[in-house]
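Given below, in the form of structure tokens, are the structures.
Both complexes shown next keep chain A, but they swap its partner, so chain B is in the first and chain C is in the second.
Entry: the complex of A and B
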């Protein structure tokens, strides 16, 4: 009840924000949309399946670099095509990596994903000719739904059409994820999280399901990555760096991983918090660390758990 | 006639421990088979080998006429073999309904459907209701499994195996930790559920000799990884040596009673 009401208010605020004439806040929120999409995927892996990836930024980077390569090198400017390509590339990369990673669980899974993230970071950093090394690759402004929108300056483009486009992608991603979580596949994932041996004895193909979750998470990650690099106009190796993966985990814990909208809340709050704390103190990482500790110790179900206390009592 | 389930000369060693030392066993359709034996005899290991959880060191397992070496528990479950565990094995945070739905979806081959709405699947709903009613769990459908009393957890473990509507069900001490009076109730439930679910054979590990002699068509006595006796309850009772050996061993644990005729 409360969640639904607050959700409606928040949703309305997000829709109306660009009209409020606060371009700074409006552009500030853009990365939250990209992160939210990526986190919806990451949470299918963690919240539903019980696998915590410390290398999820790999797929964000993959999306970002796909966008850079397509817009900058191959002259593909349609954002729909870029998103589609990023999803495909992520799925192709996620299958072999996932096949290796899902053989392991818990900390071993986490460490392996971390290792792949670091590998990809080094690849981006070292293969200068292909990736531009530490300078990264430029991402050119994409067309939205076939419209070039060249008459708009960058701020107008980002706070207008692109804002709504990104919000639209997030809404679609959230609807798709809600469908997945409420499907037989979603239940299979939860059964695996709860007790893999029992799930297996009931005929659930544990590894196949884990792999499928990994690939879906990767696809969401890459789509989020595309949304992230359009506003900055740059794909650089830091996208794949482990601290970026760490931030994703932070956002997930902040928002709460046992509600499917937790990740969206986590992304929004993280971005707003980062902005305000960073402007107040240069010790923002310290502040964030303290916040994370408080959440993990006192509010293990994240902010969504606080809002949704009724479910907490029920489950 | 080919056996429903057949193990031939199965060996399983853990390092120096020979948990199974050349076990052969046959289960036919219509049979209720009890596996008995003292602690550490290899009963659980045998169930694990038969259900694909543990690969045997050597020997063969055939299910419905085909070799199932390396097939693994998930595919065996889909082929019609279900099991419950000695130690209660549940999905702690899932509701009773969801737990049974996992099994029902698996039987209906719907476990991996990504976009179907589970809450609107009438087949699953019906299957869940049916099994829950059989096991007296129908008024606890929305309870999280971990909040159930211990006895209901055990029942849920078994009920979810039945929800697969398997050809064979193997239960590792389905009534352990339950008083003898309750054991009989549970056994009635199991036998009734097996009939309703079309289960063709039951294999159970059981320590209580009243239950074993009261329900089994055949008793397999294991000792130190070997089959000591494999016969009908009457035959076992008739053979003084076997009675002494089997029941003597079975009662050395001090927690079971010898069977009374």
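Entry: the complex of A and C
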């Protein structure tokens, strides 16, 4: 009940924010939307399936570089096409990687995803002619729903049409994910998480389901990646770096992985927290490390766990 | 502690108000109150010492300006944010522009960050005075004619000067060369410039090894082994961070520096770590635009060096000079524009116009911004010596070249320019 009411208030606040005349705060939420989409996917893998990926930034970078290649090199400026292409590319890449990774669970799965993430980082870093190396690739401002919006300056574009577009993508992503989690497929994933052997004996194709979850997570990651690089205007190799994957896991733990909206809350709070702590001290990484430790030790269900006390009591 | 519904709502309410308040509700004091200068300085990782050095130069300039009455009577205030990844740094830039409403932003070292900030500065219509981060790609492709971005000297200046010195000192004295450079655009650009200049000087040296360790690498055992196998007469490196002394130490231990000529274009950035124990005499060593023991140093440079040594127990390096110059150039431009406007506080457009071609006394001597928004400065390099009062190498004699000589002029490609030299 509280969560629902707070959710409605937060939703209304997000819709009204661009009208409040606080452009910086509005632009600040753009990466949060991108991360939230990616985390919804990552949580299907972790929260639902019980597989913790330490290389999910690979797919964010894949989305980012797809956006850069399409807008910068091939002149495709339609964001819908870019999102579609990013999803396709991510799915294509995720299938072979997933086939290898889902043969393992726990730390072995984590290490393998980490390895693939770093492999992709090295590829981005080393293949100068193709990827621009450390300098990355520019992402040009995309058209939204076929409208070029060239009359708007960047701040107006980002805090107006692009803000609502990204929010819209997040809402659609959340609805799709909600449907997925509640579907028989979602139930299969949860049963695999709880007891893979038992699930298999019930006739659930464990590896197939894990692979499907991996591919869906990758697609969400790439879509999040596209939303992430448009405001920056650059796709760079650090997007694929392992610390970025670590940040994703941090956000997930912060928000709470056992609640459907935990990842969204995690992304929002992480971004707002990072913004304020970074301005206060150059030792913000230390502060973040301490926060992570406190969460893992004292609040393993994250912020959503705090909010949703009723469920905590029930579980 | 039990979190009741009422208590939670109270807490989140207070939190939400507190979070929302400081972000954007900053009163706009357009022409009164302090002049606000945003700073983007690297604070972590391999770039941290360089970011700190730039910040020191900025702080020194700001203290002097404020002690002398500020800029046209207004105090100069710094708002420091961290330079990190391109994405995060663009967000910090946006914060400085939109939330802190700074009059300009100074800073940034990393080339990747520079490439992202250039377009961001244009889009946010905020003056950005870079400390470094000027790659050819940045100059030629991403921002061919920027309005708001004012960039540093080209990445390749150090390689160009070191190559000229190599040709001058050692032409005919080496037949094989090897390059060991950090694996990113700076390393690649410098190595390519070196090879092009060797060719221009008619030095047909054979490249026996090209090594690309990761920036900030801490072990060069395999690289040194490769170099020993390759037996180059000359090793060229544009290492500038903590990797420089580690490589030199390992190369020295393997006997590599005994008979091989060494060119370190940018090692002067970490000059105090280049101890005499393992850094040979007779190597070419570059200090970018600031050499702390320049015998021809100005009174200002001497004052800064003294201040730096007393305050930080270290001898300063070049990034301080880049940082210092951005601040004094900004002040000079405001004063120049105000003069043209009859003493009134100038508009942003007028400040930008005044920055073009502005000249100011920096730590390394007079420096200026070219009309195409690129810095001009003097660079310092020389041949290493052990004859000094320190436990690390210095250079003697100190050679200085202006960017008029070692930086490509406006509107010309780097290699077209080099190929057009008369040598």
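As a working rule, the second predicted complex is superposed on the first by the 315 of 315 C-alpha atoms of A that agree within 3 Å, B and C clash if a C-alpha of one lies under 4 Å from a C-alpha of the other, contacts with A are read in each partner's own complex, and residues count from 1 in each chain.
We adopt the following convention: a contact is a pair of C-beta atoms (placed from the backbone, for glycine too) under 8 Å apart; a residue touches a chain by one contact, two chains touch by 3 or more.
The structure displayed is predicted, hence computed values, not measured ones.
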item: Chain B versus chain C as contact partner of A:306, first or second or both or neither; value: second
item: Chain B versus chain C as contact partner of A:134, first or second or both or neither; value: second
item: Touch count on chain A, higher of chain B and chain C; value: C
item: Which superposed partner A:279 touches (first chain B, second chain C, both, neither); value: second
item: Residue ranges of chain A in contact with chain B within the complex; value: 179-180, 182-188, 190-191, 194-195, 197-206, 208-209, 212, 315
item: Residues of chain A touching chain C in the complex; value: 2, 6, 21-25, 27-28, 31, 125-126, 128, 132-136, 138, 153-155, 228-229, 231-234, 236-239, 272, 275-276, 278-279, 282, 284-285, 306-307, 309
item: Complex interface listing, chain C residues touching chain A; value: 3, 5, 8, 12, 19-20, 22-25, 43-44, 81-82, 85-87, 90-92, 94-95, 98-99, 111-112, 115-116, 119-120, 123-125, 135, 137-138, 142, 183-185, 188
item: Residues of chain B touching chain A in the complex; value: 51, 53, 72-75, 77-78, 82-83, 85, 89-94, 98-99, 101-103, 105-107, 110-119, 121, 124, 144, 157, 160-161, 164
